[in-house]
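Look for chain A in each of the two complexes below; its partner is chain B in the first and chain C in the second.
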Partner chain A sequence: MATPASSGLNWPSWINVSVRELLLVVGVIVITAGISIGSSGNFWAASNLTNLMISTAITLVPAIGMTVIIVTGGIDVSVGSMLGLVAVAGGTAFEYGLGLAAATPVFLIAGAILGLINGALITYGRVPPVIATLGTLSVYRAAAFLFLGNHWITMIPPSVTETMVLTQPLGVPVAVWIALVLLALGMVFLARLPRGRHIFAIGNNENAARLNGIPVERIKLAAYTLTGVLVGVAALMSLGHSPMVQTTTGTGFELTVIAAVVLGGTELTGGRGSLLGTLLGAILVGLVQNGVVLLHIQPFWSGVVLGVIILVSVGSATVRRND
Partner chain B sequence: MNRIDWTGRAPVLLVISLITLIGVSIGAPGIWSTDNLFAMGVLAVEIGIIALGQTFVINTGGIDLSVGAIFALAQVVMGLAMVGGVPWPLAVMLGLGVGVLCGLVNGLATVWLRVPAIIVTLATMFAFSGLALVITSGIDVSGFPEGFAVLGQGTIGSVPLQIVAIYLPLLVLLAVVQWRTRFGRLVHLTGTNTLAARLTGIRIGRVQIATFVIAGGLAALAGAINASRLTTARPDAGATDNLISIAIVVLGGSSIFGGKGSVVGTALATLVIALVNYGLSFNNLNAIYQSGLIGLILIVAVLMQNIMLSIQQRRAAAT
Partner chain C sequence: MSRHAFFKRWAVLGGTTLALALGSSATWAEQYTVGFVPKLVGIPYFAAMKQGMDKAGKQFDMKIVYQGPSSADVAQQVNIVSSLINQGVDAIGVAANSPTAFGPMVKKARDKNIVFYSTDSQVDADGNQLRVSQVNDKALGYKVIDVLAAQLKANTGKTSGKVAFVSGGSTATNLNTWIKFMKARLADKYPDIELVDVQYGGEDVTKATNITNQLISAYPDLDGIVGVNTTSVPGAAQAVLTSGKKGQIAVTGITDPNTIRPYVMNGTVNKVVLWNPIDLGYLTGWGVKQLLEGKSFKPVNDVPGLGKVKYDEQTKTLLLGPPMVIDKSNIQMDF
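What follows is the complex of A and B.
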């Protein structure tokens, strides 16, 4: 029932979405102003800004892959468990005494394998994306528990935090630079390269895309695998942020990522979406979580606020388009 | 319109039940006592009731990720009311009302804002479980009047009350609604082809809203039984129930795209899942393995069905 609304000439739909992105920018400014007034300036403390930037980057990196997946008309609800299992694999590598450089491939490859499993189930197994990743959500979590048990990995070398968080060229942590570079690459890819256009084509009409000779299955498989790799990057960043792995690491993270993408205006029916929106969505989610802490609101409110923001944002967009 | 066809996944479900039965009998030979079976049934009733509501939502082509949150919100509302001195039947009604209201919010947001159900209920899942935490400050509620215990701990003869007096009558009622009423047919029609349903003059919005209300109300009912059984209302209860209820419904033969499925299939799948869960916990295996195994069963079930389907198609093409 996907209605390819404004099909035809401008289907990467940058122009259509810009109103929404403008609104998101306004939302970010308003919330920032609110928090900085409410926290009597504590918001602008260097430690808080670093904190906010890192947690936004951790959401943003997998959200790039998630945006691509959702544009193809799929979804991946397993990224939280994936992050946990990848962190277990990478953390175990650290426990064996590997350094940051040697352990990085472990994170990326573990992520790639888990993403590939999701993609293979969805493309070649023809399991609907929600079902397949709902299944792997609990399977990956159980696997993390199988490897780790009730044990905690705390032997994360300090070099991870030093490299990812404390090294700050131009005042911005390396982790954030990595996220921004990945985002820029993704934007160029989606907007400028033929493969990027194919992703929108698949989301708009999969059969038409297939009949036009676009290798639908291979592209989807690549999208899920890529998301796995990006989750690996995020896992490494999150260990720099809080150097500890336990079996519950990453629980609920999939919802934060999906919330960022959806807030950014990417539609779950596929075929429409923008990475610029995803960036703004990730910032908004990060701001809400940060603001709740700074304003000494009960942390439980962050869920309520996030839920209401998603509903209002997506709902108003739909109403506007139908008018 | 014929009777609801859930044969698609029936053979798969049968094979899985058989494997589970054999596995459980070998792995936990002591399981086949009446006491154990009743204990298993008690655990199955709560998620089973949630899954019954989820069946209706999924059969219209929707999905409800917020049922676990409603399960928690409704039970803490009841708990707080009872602690505040409200008589327990009234408190339970209040909790059920909260569930119905939550379902109404889901339904209205889906239909009026025309936002996909998965986003609406993702948002309301955050909101409802956040509310449950906010009104309790994250602390468990307990200290209920004695009468309340009947819902989750009462027995009729030696059979747990919630199995014979709540779950089974509910199942029969919903099966009749699904097979014998106009609403039941409309649910499947809406799921089969929303556009066609709308063009034939069916108010599909009302059908969708009704299914969300049913799901919300039933999640609240399950919450009441849960709080009564544990003599505690937990604001963080049911966090995994969102996903497990969907897994059960799909395992029970419902198509995730709507139009296909039945509450009877869901009930059978609940039984299988309960058996797996109880067999594992009987061997002292952690709950994480239980949900991991459910995830695996879900994937394998859909894969097997796809394989059988493609064999069928190949045969059809050959002849």
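What follows is the complex of A and C.
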């Protein structure tokens, strides 16, 4: 889990390790050690590691898209409601008797449509990203309420849990492998392909990027749509983790995702960010949420600890730059 | 199935609008209008209560208006109650999000000669004319622990071991009352069963799953888990299932058949405890009708379709009956 903190001269060029990421690695190691000792080793129980990995993967997958969006200078605060509504759509497909393979496209397409709506509002509707996605945060949640009525979807086929969580090639659940593959693709894309560099260009100076012939609107639209698809993937994973759809499914999830991205060093002002940082941020968030029960304290303390870590890490970065 | 429910919803909505329009022009028809404001809408439990109230409405010629907040929010609930009183219903009642917040509403209703009642979660105010209680809290808490103890004995051969509780909100009055009685039963009857932890996961199955997973890791020799609210039991069952501890860790608690069905069918959970919310809604409807007609209750009442129902004069409480155990034999009940 923890990358060795060597000087790393021979990294492939698409892995670009910064001081901040090394600090995050140190943070992960320290917290892991703390929880290990505090829980007298119970942290390392196989079932706990599986749970930690799955929770982290569910955060990480939409965080990949969120990183791209935030690098362009935007934000999507609707992912929690999106996850809920996609889970309603996919869960309904399961209720109609579709199997895992047949229902997977429902999750991806539903996510793509919702992400596309966000993107269209922002790029062509010219609504500021926070406002646009704050609006869809409400609308998507209301849609889940209207569609589900007073009913919860409980008949999710056991094959979802079996495939996503219980099938573990090399001891790692399939859901986690999916997240890692998507992360690697994202890293290569951002660092190696021209389009990846265009995304940073948009975040640094949107007008300059436009003058240079970069199709700003199309790229942004694609970023929000992609995030929608990734939320679809996360929704499927989350039904493997806890196979039930409530009207409130995903409430507050957007904050977990944004916290992981921001902790990872991606800046809300746009133009700077890294997916490696996002991975470490997601692991850190997962660890903090995982640790509390193991340390025999109440879960709401994880909110306090997480808030303090975010304030210290982002605050210190700002102070450093202003010096 | 859910599409069906979706269309039905719209049909019901349309029908209600039509009925409202007709109702206002046809005031000569002496049909009582009864408002019911649940803790929140969008959850199966209160939908089942509404089903029972509608049944009573049909049988005793009352119109039921069902409206509630989208989250268990006291302020929103008070607003809805207030606006229903202003619309001039004949009776208004709540499943209260707070026992103390409805004092002014009770007064407002009584000043306008509107019957005020509470059901499921009660209102403390003096003017409250009827409380309909699903189950005796003590009987429910005791029953859950008895089911747990029997399950531990079936798993390990003895009524001892380490157990943990997973509850919903840490301030929910009813959940905390049940926890109190569950602890009392453990202390009195099963001193060898040790309660190692009580954790709170809110009304969210994913949180309950995560918390139970961590409990299983934190206490490797855990023998049983009790889920205190609807979402905690399936969350706990899922965690036990994915950690491969099915059959080693007993899971039980308070939840409804629709929510726990997959885990009863696959054997992770044997028995859970609840009452019948459809019957609770029906009893509420019956009780309100008695008040509207100015009848009083006897210590034991004959309720059509339910049989004998006890009434406590001092607390003005109708009591539905003993807790119901749900297992494979009756898991097909739809609520």
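Miscellaneous remarks
The rule we apply is simple: the second predicted complex is superposed on the first by the 306 of 323 C-alpha atoms of A that agree within 3 Å, B and C clash if a C-alpha of one lies under 4 Å from a C-alpha of the other, contacts with A are read in each partner's own complex, and residues count from 1 in each chain.
Operating definition for what follows: a contact is a pair of C-beta atoms (placed from the backbone, for glycine too) under 8 Å apart; a residue touches a chain by one contact, two chains touch by 3 or more.
Just so we're clear, the structure is a prediction, and the values are computed from it rather than from any experiment.
In the superposition on chain A, A:F145 makes contact with both chain B and chain C.
Of the two partner chains, chain B is the only one that A:L255 touches; chain C does not reach it. Contacts of A:N51 after superposition: chain C is touched, whereas chain B is not reached.
When the two structures are aligned on the shared chain, A:M244 is found in touch with chain C, with no touch to chain B. In the superposed pair of complexes, A:F189 makes contact with neither chain B nor chain C. By the touch criterion defined above, A:L121 reaches chain B but does not reach chain C. In the superposed model, A:Q298 makes contact with both chain B and chain C. When the two complexes are overlaid on their common chain A, residue A:T269 makes contact with chain B while staying clear of chain C. Once the two complexes are overlaid on the shared chain, A:I310 sits against chain B while remaining clear of chain C. With the contact threshold set out at the top, residues 145-146, 247, 298, 300 of chain A are in contact with chain B in one structure and with chain C in the other. Put simply, chain A touches chain B in their complex at residues 1, 75, 121, 125-128, 130-132, 134-139, 141-143, 145-146, 247, 255, 258-259, 262, 268-269, 298, 300-308, 310-311, 314-315, 318-319, 322. Within the complex formed with chain A, the residues of chain B that make contact are 63, 109, 113-116, 118-120, 122-131, 133-134, 137-138, 194-195, 240, 243, 246-247, 250, 256-257, 286, 288-289, 291-296, 298-299, 302-303, 306. By the touch rule above, chain C contacts chain A in their complex via residues 1-3, 5-6, 9, 41-44, 46-47, 50, 70-71, 170, 197, 199-201, 203-211, 213-220, 231, 234-235, 238-239, 241-245, 258-259, 261-262, 266.
Those residues of chain A that touch chain C in the shared complex are 39, 42-43, 45-48, 50-51, 55, 92, 95, 145-156, 158, 161, 165-166, 238, 241-244, 246-249, 251, 289-290, 292-294, 296, 298-300.
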